[in-house]
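Quick heads-up: structures coming right below.
Each of the next two complexes has subunit A plus one other chain: subunit B in the first, subunit C in the second.
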Partner chain A sequence: MYGMVAIYYVMIVNILYFSIIGLSFRNIWTIARRAKYSSYNTLAGSELVPAVSLLVPAYNEELTIIENVNCLMTLNYPTFEVIVINDGSSDKTMDVLIAEYELHKIPNPDMSGTIETNTVRDVYHNPDYPQLFLIDKENGGKADSLNAGINLSHYPLVSSIDADSLLEKDALIRMARMYMENPEETVAIGGDVRIANGCLIENGAVHNISLPRKIWPMFQSIEYLKAFLGGRIGWSHMNGLVIVSGAFGLFRKDSIIDVGGYRGGYPGEDMNIIIKLHRHMLKNKIPYRVAFCPEAVCWTQAPDTYGILANQRKRWGRGNMKNMIENRGMLFNPRYKVMGLITMPYNVLFETLNPYFRITGLLALGGYALLDMTHWKILLVFFMLNFFSGYLLSVGALVLEEIAFKRYKKPSDLFKMLLYSALKFVGYHQLGVLWRVQGHIQYLQKNNSWGAMTRQSWNDESETA
Partner chain B sequence: MPQSVIVQQEYRTDVYHNLAERVKEASKDSCGVMFLYCSDQPPQMESRLREILQYEPGLEFEIVPDSQTDTLAIMLPGHTLAAAHYQALLIKHHLQETMNQVDPRITLTVFPGQVDPMPATLKQMAESAKLSVSSDIQIFTKPEALKDPGRILIVDHDDTIREFLRIRLHLQGYETLEALDGKAALELIEKWEPDVVLTEFHLYGIDGLPFIRQIQKLLLAQTPKIVVLTGQRVDQTISQCFKNGIEDYVTKPFSPVELDARIRRCFN
Partner chain C sequence: MIAHLTLAYVFIYICLGLIGIGIILLFQMKLAHNRELRNIDRYEKKHRDYFVYIQSHLEEDAVLQLPLGKLTKLERRMIQLKYIEWIEAFKGDHRRKLIQLCHDSGFVQEDLKLLRRASYGKRVEVAYRLGGMRAGEAVPELLHLMQRRKYNPLMIVIARAIAKSSQQPKDVLHMLRSLLSHNKPIHALAADIVTESSLDSGILYPMLLEDADPGIVQVGMAVTRGRTVPEVMPALKRLTGTKKQSLREEAVQLYLGTYPALHQDAAIRLMKDSSWEVRAATVRSLGMLGVEDSIDLLTEALRDSSSKVRYLSAESLSAIGESGFEALCRVARNGKGLQRDAALERIEIVLAQETEHSALEHMVAYNKKRLLHTRYFGNKSTQRIVGKKALGGDYTA
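Coming up: the complex of A and B.
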C-alpha cells in the first residue's frame, strides 16, 4: 500500500531532521561561548593568521559592486587580497570599478595557477589599493570566474564571496580561527548566510538588523535560519556537509586545485566543489573535515519578487539534480563513509526526490480517503503531525538563534518569525515543491540558462528599509 | 607718597601697554619684537642702532626706548621668527664689532597676526634682557600664549578606546574630535584641519592604506600627521604604512605613557 510508504517516508524524514537539529543543539553552547569570548581583535592583527584571497565573481553587478568591494577591503583581517572577476559583464561593472579605484592594467600579470579558464583579457591594479585586483575575462559563468580568481590568487586560502553579499567585519577572522584549530585537516568552511533585506546598509556594513518587510524575503529569512542553524551545524558535526554556500565559504587552495577547480557549465558549483572534495579525500584516505562556522555571518540580498525567486529555485533544483546524477557512484558506497551512507542518500531521497514523494503521497492518501479506504480523520491527524513537526523544526532553529546569536533584537521580530514559520506551510512550501519540479524539467530539457537575477542597489534597499 | 607709587606703577605698565598697541598697529600679520640692553649704557646706542638697521634695504623697523628698564625695544613688522632672529644676530654682531666693550643682551619674540601682544609679556621680556647673564639671544616662545592648542582627531570604532583617548588627551591640553569610521573622519579632517590624526587601521567605510592615501590627497593648508594606533601587527603592513608617510605606529594593547610621548613628538 503506497500510502504506508508515504507515511514511513515522512516519519524517516522527520526522524532525520530531528536528529540533525538535535546535533545542532548539542553544539550550539560551544558555538555561543566561542562567538562571545574568543578575542578576535587580537587575532585579527596577528602575523600567524594565514593570508586569504577573496574571490568575487561579478556579472552585471554595477549597482552593488562598489559597496561590496568597499566592505571587503575594510574587513578586520591581517593579510588578505580582494580579487574581483568581471565575467564579461554587459553593463558598466568594469567602468565603475576602474573609475572608483583608479585602476590600471598590469602589463604582465602573473597568473600562476593552471586551471583552464576562458580567456583572461586583462588584470587591473592600483598601488594605492594594494589589496585589490580586478580580472577582466570573457564570459564563462561563475565557476569559470572563480577558477580565474584562483589562478591569480597569491595566498594559500581562497574565499568565494557573492557580489550581492556583505560580510560582517569579523566574519573572515572568525572563519580563520576555526581553520587554525585544525589547519591540517580543514579543507573548507562555510559561513552563515542571512537575508539583508530590511536591514539598513551603510558604509558597507549592516546596521539596524531587522526582518524584511516584503513577504518573499521574509519566508526566505526563516528558511535560511532553519537550513543554516538547524541543519548545517548538525551536518558539519558528523562531517557530512554537502554544500558550503557560494555566498561565503573558505577553502584551502591546494585542495581545490587537487580536485581540478570549480566545474563550469551548470549551476550548483558550490555544492559540486564540496562533493568533489569529499570524494577526493575519502578516495585517497586523507583525513579531512568540511566545517561550518555559524558565527561568521554574511548578509545577502534575497530575491524579493516571485519571478526572480522562482528562477533562483529552479536553478537550484537543476544544479542539485545534476550533482546527484554526476556523483551517483557515492550512493550507499561504504567507502565514502558518512557521505556515501547518510548525506548522499539523504540528499537524493529527501531533497532531490522529495517533491515526487510528496505529490504522489498526497495523491495516494487523498485517493484512499475518497475511496473510503482511510478515514479522513486519520488523514487530518497525519497532516497536522506533519505541520507541527515542521513548525517545531522552525521554532527549534529560532531557539538556536536566540541561544547563540540574538541578531534580531526587537521582540516584534521574534513574533513575526514565529508567525511566518507557520504561514510558510500554506503556499510557500508548496511553491518550493513546484519550483524544484520545474527545475528538474528544465534539467531534462537541457535548458541551462542562468535566468534573470536583477540586482537592486544597496542604497535603494536601505531607503526602503 | 602712596599716590605717587600708584602713578609710577600705572606709568610703568603704560609703557608696555603703548608698546603693545604700537606692535598691533605696526603689522596685521606677524611682528618681531626685540629688547636690547647694554650694561654700561653707551649714550649713542639708539642712533647707532638706527644706522645699522637702515643699512638693511627695505627693512621696516621702529625703535622705542624703554626708560623703565633702560632697554631699547625694536619692532620688526612682518618678520617671521627666523628672520627676526637673523636681524638680532646681525645687530649683535655689528655692535660688538663697532663699539668697544659692549656686551649686548637681547630677548626676542614674534607675535603672530590676530594675537594681541600682552603688555605683561613685553614687560617680562624687557626685564629678562636686563637681567640676562648670557650673551646668547634669548627667544621667547610661549606656546600656550602664542599658538592654539594642538588639535587631534581620534578615529576608532571602539567606544571605550575613544573615551579613554579623549580624556587623556584633554588632560594634556589638546583639543580633540572623534570619528567612528573612515568616511566621517575624512569629512572632519577637511572641515576641522587637525594637526594629528590618531587612527585605528581597521575602520568601516574606508580604512588602511587607502584611508591614509586619501588623507594625504586632501587639499589642506597643512596635511595632518598620522599616528596609527591599532591591533594590526603584521610587519609588512607596518612597513607599508611608514612608506606612505605616516608619523608613527603604535600597536594595541598600548602603553598610554608611550603614546603620550609619541604624540608630543608630533607637535615638536
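Coming up: the complex of A and C.
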C-alpha cells in the first residue's frame, strides 16, 4: 500500500513540476523577444539607468579574484561601483587585490549603513580606479560580508556576485532594464547562473561556450538549466520565487535594510533574504515582485570533484532545512498568498522531504518485491515513473533553452545533454538524495560551517577546456 | 491495484510521447537555426562588396538600390537588418539616405503589411524593424497596437519604435500617455525612450514640461537632467512654483543646477519652501553664484531643520570669499547649537583644505581666512566635539 502512495507521490510531484515548466513555456516567447529586441546599447550609455553597487564577498579567492574584478570593472553599465569584501581570508586575496590595483587605506571610510557586522578592519581605495573599493573585515561568513558591503555602498541598488563567477558584459544592464520596467514593486531580481567549466575564459569574459568535459560539472550543467529555465521562470510568473541565487542577484537596498540585512551565521542566506522580503512585503501589504531575468547570465565555476560537490549539496540541504523550519509560520498561511499556500508547502513537501518519500517508497516497494516476486512490476513502474517524468522535465528545459537562447551551438552538445539528462538518474540523482539527507543530519548536529570549497584559476579552467 | 497501475502506465506513456516530441523538436530547431546561421554567413560574404559600395556612396547624390538579382527571403532580411544597424550608427544625411533606401527597397511596405496581419509576438518584431527604419507611416498603427494591450515588457519595444519613427511631437506625447496609463512609475525608462527620438529636443522637451499630465512632466524632467536644452528654462522656471512637491523639488534642482541665476526675492521665497530638497538646491545655487548679498540668507539657513541644508549653507558661505568665511566665524563664535556646529565643521574643513594648496593666490586667500579666524578665536582651536559613533545614513542616496 505504501508503495502505491510513493508512486502517487512521484506522479503528483511531477505534475506540479510540469505545471511550473508549463508556465515557463508560456513566458519563454516573451523572454526571447525581450532579450532580442530591447535596446541595451542605448540603456548602457544612459544616465537614466539606476546606479548599482556590486558586492563581491571573497574568502580565499586569490586564484580567481583578479579575473573577476576585471570582468566586473568592464561591464556595460553607466554608473556602478565594485565593493570586494575580504572576509578574513587566510590566503593572499588581500595582497593580490592591493598589488593589482595599488589600493590604499582610506583614513575615515564612510560606512553609513547600520547593519551589524563583524569588525571592519580597513577600507581600501585608489582614485585611479574610482569605482573599486576593498573592505577588509574579520571572518563572519558570506552574509556578514554582504552586510558590510551594503553598509559601505553608495547606490540605491545592490547586486550580490560570487567571487568565482563571471558576468556577461550586458548582464547587469539587462537586469536594470527589468527593474526600470517596474521600479516601485521590484525588490529583487535573480539572474541565470550557468556552468563555466569547459568554456574558454579570456580577459574576464566567457568565450567559446562549450559543455564541461568532466562528469560532475556536466551533470550540474543539466541541473542548472532545469532549475533556472524550467523552474524559476515559472515561479517568478506567479511571484513565488523562493530563492535568488547568491551567485548573481540584484536587490533594492532599502528593502534589504528594511528586513535587517542578510542573516548571518548559517548557509542558505540567499534563500533566507528572499523569504524575508516576501514575508515583510506581504505582512505590510506592500505590492511587490521578486523577478527572474533569464537573459542576464552569470557563469560560475562548478565543483568538479566528488568531495567539493558533496559539501556544497549538503550545505544547500542544511540551508534549505533551516529556512523552512525558521519560516514554518508561513506554511499554509493565506496571509502569505502564493508564498504561504504554494511555494512554501511545495518546498517542504517536494524539496525538503522529497528524499524521505523516495527512499521509503523505494524500500517499501523493494520489500514487497522480495517478499513476493510478482510485485516486481510495481517496482519497475516506480523506476520508470521516476525516470521518464524526470527526463521529460530535462528535455523541456532543453527546449526552453533552444527557443530563447541557443547558447550551445553544436548538435553534438544536444546529444551530450540528452545523454547526461538520462545518465543523471543512474547514480547522480541518488547521490543528490543522499547528500540532502546528510545535510539534514548535519543540521540536526548543529553544524553551521560553510565547508571546504577550493577554487581553480580561470586560466587553468580554460586550458583544460 | 490494477487501476492504480493502469494510471501509472498512462502517465508513463504520456511522458514517453512528450519526450519523443521534445527530442524531435530540439533537433529540428537546432538544425534549422544552424542552417540559418550558415546561410546568413554565406549571404554576408556574397554581399560584402555591395555593403562596401553602399557605405562608400552614402555621401553621393546617386540613388541607392538593393543588390541586383533575385534575393531570398532570408537574404532580404539580412540586408534589411544591416541597413537598420547603420541607421542606428549614423546620423544626418547618411541616415536619411539609408531610410530612403529602406523605403525604396520595399522593406517598410512589407513590414507595414505584416504589422496589420501577424500575431502579437511577430508584430513586436516588426515594430522593432519599423522603428529601426524610422518609418513615420507606421506610427498610427504602432500607437493602436500599444493601446490594445496590458502593460508588458514587449510594450517597451513598441514604445521605442514609436519614439524613433515619430515625425511630430504629438505622436511621442500619445505614446507616453499610453505608456504611463498603466500607473507604473516608469518615468526614467520612458525618458530613455524619449531620447531615441530624432525630433528637435528644443521643441519636444518644453512640450513635455508644459503638459497637464504630471507623469509626462516627470518624464520631461528626467529627460532634461544632464542635458543642455536652453528652450526648457522658461517651463522649468514656471515649475519651480508648482504646488506638487515632488515636481517642484525636481524643477528647482534642475533649474538652479543648469542656470543658477537667482533673484534675491526668488531665493527668499524658495528658502521658505516646506521641502528641504528645494531649500538645499537654493543654498547650493547661492554658493555657486557667490554673491555677498546672500550671506544673511545663508547664515539664517544654518539654523535649518535639515542637516543637508545646514551643511550646504555652510559650504556655500565658505565659497563666498572672506566675507562668507567671516560670517561663518561669527556664527561659530556667537551662534548656538546646530547652527554653530555647521559653521565650525565647515571652518575645520576650509582650514584643513587650504593648507594643501601651494599656489600663490590660494596661499593669500588662506592667510586672509587664517587672520579672520585668529581675529575671532585667537590661537585657540575651534574643533567640534563629535561622537565616536554615528547612527543613521541616507540609504536612498
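Keep in mind that, in the parts below, the second predicted complex is superposed on the first by the 462 of 465 C-alpha atoms of A that agree within 3 Å, B and C clash if a C-alpha of one lies under 4 Å from a C-alpha of the other, contacts with A are read in each partner's own complex, and residues count from 1 in each chain.
Note that in this section contacts are C-beta pairs under 8 Å (C-beta built on N, C-alpha and C of every residue); 3 or more make two chains touch, one makes a residue touch a chain.
It should be emphasised that the depicted structure is a prediction, and the values quoted were computed from it without experimental measurement.
Student: Could you say whether A:Asp254 touches subunit B, subunit C, both of them, or neither, answering first, second, both or neither?
Tutor: Only subunit C is touched by A:Asp254; subunit B is not.
Student: Does subunit C touch more residues of subunit A than subunit B does, or is it the other way round?
Tutor: C
Student: Just subunit B (first), just subunit C (second), both, or neither: which does A:Asn108 touch?
Tutor: Neither partner.
Student: Under the stated touch criterion, which partner chain does A:Asn284 make contact with: subunit B (first), subunit C (second), both, or neither?
Tutor: Neither partner.
Student: Which of the two partners, first being subunit B and second being subunit C, lies in contact with A:Thr42: first, second, both, or neither?
Tutor: So A:Thr42 meets both subunit B and subunit C here.
Student: For A:Asp128, is the partner it touches subunit B (first), subunit C (second), both, or none of the two (neither)?
Tutor: A:Asp128 contacts subunit B only, not subunit C.
Student: According to the stated criteria, A:Thr79 is in contact with first (subunit B), second (subunit C), both, or neither; which is it?
Tutor: Touch partner of A:Thr79: subunit B, not subunit C.
Student: Taking the superposition on A as described, I'd like to know which of subunit B and subunit C A:Ala205 touches: first, second, both or neither.
Tutor: first
Student: So subunit A touches subunit B in one structure and subunit C in the other; where do those two contact lists coincide?
Tutor: 41-42, 46-47
Student: For a test of understanding, state which residues of subunit B touch subunit A in their complex under the given definition.
Tutor: Touching subunit A: residues 181-183, 202-210, 213, 230-237, 240, 251-252 of subunit B.
Student: State the interface residues of subunit C toward subunit A in the complex, per the touch definition above.
Tutor: 1, 4-5, 7-9, 11-12, 15-16, 18-19, 22-23, 25-27, 29-31, 33-34, 88, 121, 124-125, 128, 152-154, 156-157, 160, 184-186, 188-189, 191-192, 195-196, 222-223, 225-226, 391-397
Student: Quick one: in the complex, what on subunit A touches subunit B?
Tutor: Residues 41-42, 44-47, 70, 73-76, 78-79, 128-131, 169, 203-205 of subunit A touch subunit B in their complex.
Student: Across the complex, what residues on subunit A touch subunit C?
Tutor: Interface residues on the subunit A side: 4, 7-8, 11, 14, 29-30, 33-34, 37-39, 41-43, 46-50, 112-114, 154-156, 177-178, 180-184, 253-254, 257, 377-378, 381, 384-385, 388-389, 391-392, 395-396, 398-399, 402-403, 406, 409, 411, 414, 418.
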